[in-house]
Amino acid sequence: MWSYALRRILATIPTLLAVVTVCYLLLHATPGGPFDDERKVSAAVLANLQAKYHLDLPLWQQYLHYLNSLLHGDLGASFRYADWSVNELVAKALPVSAVIGGGAIVIALFVGVLLGTIAALRQNSVVDYLVMLLGNAGHAFPSFVIGPVLILVFAVWLKVAPAGGWNDFSPRFMVLPMLLLVFINVATIGRVMRGSLIEVLHSNFIRTARAKGLPMRTIILRHAFKPALLPVVSIIGPLAISSITSAIVTESVFSLPGLGKLIVNGAANRDYTLVLGLVVLVTVIAVTFNLLVDLTYALLDPKIRY
Amino acid sequence: MSLIEVKNLGVRFQTQDGLIYAVNGINFALDRGQTLGIVGESGSGKSQSVLAMMGLLARNGQASGQALYQGQDLLAMKPAELNKIRGNRVAMIFQDPMTSLNPYLTVERQMTEVLQFHKGMDRKSARARSVELLDAVKIPDAARRIAMYPHEFSGGMRQRVMIAMALLCEPEVLIADEPTTALDVTVQAQIITLLRDLQRDFGTAIVMITHDLGVVAGLCDEVMVLYGGRVMEQGDADSIFYSASHPYTVGLLGAIPRLDAEDDLLVAIPGAPPNMARLPRGCPFSERCALADAECRDVLPALLAAENNAAVRRACHRSVQAVSELVARGVSHA
Amino acid sequence: MLFKNKQDALVAALGNTLEVADISGRSPWADARGRFLRNRAAVFSLCLLVFITLTCIAGPWLLPHAFDAADWDAMSMSPTLRNWHFFGTDESGRDLAVRSLVGGRVSLMVGFLATLSSVTLGIVWGATSGFMGGKVDAFMMRIVDMMYAVPYLLIAILMVTILGRAFYLVVITITMFSWMDMARVVRGQTLSLRSKEFIEAARALGVPTRRIIFQHIVPNLLGVVVIYTTVTVPAVILTESVLSFLGLGIQEPMTSWGVLIHDGASVMEVSVWMLLFPAGLLSTTLYCFNYIGDGLRDALDPKDR
């Protein structure tokens, strides 16, 4: 098991390196960018850039310095704000995104698995159709459509929640954003769970379990659940990664001061180094997610023992 | 009262192409220690009949008739009642041991749950009893192996595990649906021997479904030959083997390849298995039968005792005489 | 029938099987087409999609207003039949109906172009990888895996930050992240086809390689290509809309559905139609693609439910 884990971890390094290098080089090629002599920045910003990126050294040395900083956890300096380093900006924004995103995924997992199970057991019934409809809606409508609609219904018409904004982790402002993310994720998780459970229930070993005279409840909980959950586990990775995308949209829609908003503002401002630092950070997070999912999958499936 | 009595069992399926009658008019009775072999090609309805008895039909399937176990009709029972009998008094083993065991649970878990549920045993005693049974089916080092997962066993061993699992509650009836089809020949022989020994020791009645006549010859007292969901010939094994009285059975027996044959071509029954959605009004075998005439295609022959042997029943319009002449004229390897 | 010798039996067996085939054969394509046409949701979606496309293309020529013409007499007007402002106007008095259709043109155009390029890239990548096999295949698929590991929107944002927001750059950015599904699927199909029995049979019969490729491999690839194209198109349109919604996609003075939804969301408290019409158009289009995709998948591979 451990050797499998180690190998998986080692396998992620080329990906990270590739992403970092490509982005870094892209940045170097940008006219008007931080590495171009034509850049128009204030003296203070220039000083920061100089300190962090060693602008007067040859390219390969700059690159190595950059990798070194990254390994020490230093994401660089902002191209626009002299007073803030990227790390400082991230430190303020990360908790917001983590709470909203992380909380939403956990809730969505519970609700999604539950709904998917019910739908699978009551196939073709009213409950099933409702769950499938929900699944289709969450999947087909883009998040930036559902979001404003939620605001319209709950904030403008019903006036039970604020339309956006943030007040230091006050729950009122977390409800609608979480609702949006939960809705989107439940759509996918529910559909996958339903399909997977239906398929498992048709397998030969379930037929054997029924032939043994076991009650349905035992069959579902002991025999069917674990194999049915495997596809759900395998989509958590992509789901978490798409949560990052959803987070960007959600934070824009609800004006939340998270990482997503930071990236968007950075892009709008052409704050190249900020965006670079954030891209690196999020890629690391994404790759780590994938890794954890792979390891969880290996834990659950006894056939995978390398 | 017989242990198992099946009366006029039928199975139909609701499909996009309409109602399909996969099984029609199955009757048999079985007592302790007896073995019935159900023989037929793929799609003849042999599996569906026993699946119906065990309440394991697909959602779109519907059984008719009666399947009596000690007088109680299995087909009419509610799931909770049926569950007390399934796995306990009447057990079933399946064709493919690879997929019939749950790959995510240990063998121990899959065996002990049967005893826990049906006999109320605690986990420890259930485990001990399970190991005993694994020893009985000759799984080496059973006490250690029981904690393993199914994929850590070979195909033949998995089938033994299935058999052990089925016998945990000492059932009176064991239904085996093509238990050796997915295994290679040497393993087949071992499994058949195992079943025979267990029958001798436990007195279990066995219903053996197979398309392999060799298996039938080695194990069964009674044989039922199915085609197109209907019984073609039914009776004691010796009579059917040595003096088959139905053209289909003759064809089946003739198709068995033999090492001492002179020619080197294989014989097959010409034609293809029937399309169950479009069966002829009469005998389902009429499309491929050498002796068929218009009456055969239009009128369903009844299952009646053979003229020369009351122990055998056959569904054919032609006389036993006509069939024997056919055997003499044509290729006969019986 | 039982025969004097096995030779006759064999010949008769073959002959018999050939005669028995009185059921008329159907090609798998005809089969698939029939199944698709029976799927009412899919057919309806197809018609709706065609209707929307045609309206977006032809509509702006038929409507009296220009998409960027500010009508100072009718600012922020709700939908009405007066003045031909069927969808209402925005705060500058620009007609929403025309803008929605023009936005539709842009969204669909981006969708079409980006799909075309990513499908091409995906097919070439996947087929080459699957056909070459071995180390080349492993390397090419490694790159695909790497692309998957990266959250695409982020790189898209980075690229937009660096390269700017010209139309063709938006298309390129979107293409870069939409080709992997197609590549993977085509590669899988190519790999399995390479070793399928009927390919071996064709080779054994002496069929030349080029004919094998065109008569056997390509038609079998066609199925998955069609299915995944219908999956790629909505994904691409969605990507463009997200970028535009975030203000990082299509630039003024052009507009797209994403831009319109962004504008609409900011004024939805007072002019809810500004949000609902473009959102409705986008959602309907995506829904249609989903149903068509499902219908095609069912039609071409009915076992896969």
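Before moving on, here are some points about what is shown:
Per-chain residue numbering starts at 1, and chain names A, B and C are given in the order in which the chains are listed.
One rule holds for everything that comes next: a residue touches a chain if its C-beta (ideal position, glycine included) is under 8 Å from a C-beta of that chain, and two chains touch if they have at least 3 such contacts.
Since the structure is predicted, the reported quantities are computational estimates derived from the model, not experimental observations.
Among the chains present, the centre nearest to the common Cα mean is that of C. When the C-beta contacts at A-C and at A-B are tallied, the pair with the greater total is A-C. Per-chain CA centroids place subunit B at a distance of 50 Å from subunit C.
With centres taken as mean Cα positions, subunit C sits 25 Å from subunit A. Centre-to-centre, using mean CA coordinates, subunit A is 54 Å away from subunit B. None of the residues of subunit A touches two or more other chains.
For subunit B, the set of residues touching two or more other chains is empty.
Within the complex formed with subunit A, the subunit C residues making contact are 142, 145-146, 149-155, 157-162, 238, 241-242, 245-248, 258, 261-262, 264-265, 268-269, 272, 275, 279, 282-283, 286-287, 290. Across the complex, subunit B is touched by residues 203-205, 207-216, 218, 222-223, 226-227, 300-303 of subunit A.
On the subunit A side of its complex with subunit C, the touching residues are 12, 14-15, 18-19, 23, 26-27, 29-30, 33, 136, 139-142, 144-145, 147-149, 151-152, 156, 163, 241-242, 244-245, 248-249, 252-253, 263-264, 266-268, 270, 272, 275-276, 278-279, 282-283, 286-287, 290. Contact residues on subunit B toward subunit A in their complex (touch as defined above): 54-56, 79-80, 82-88, 91-92, 94, 96, 99-105, 109, 113-114, 117-118, 149, 151, 162, 165.
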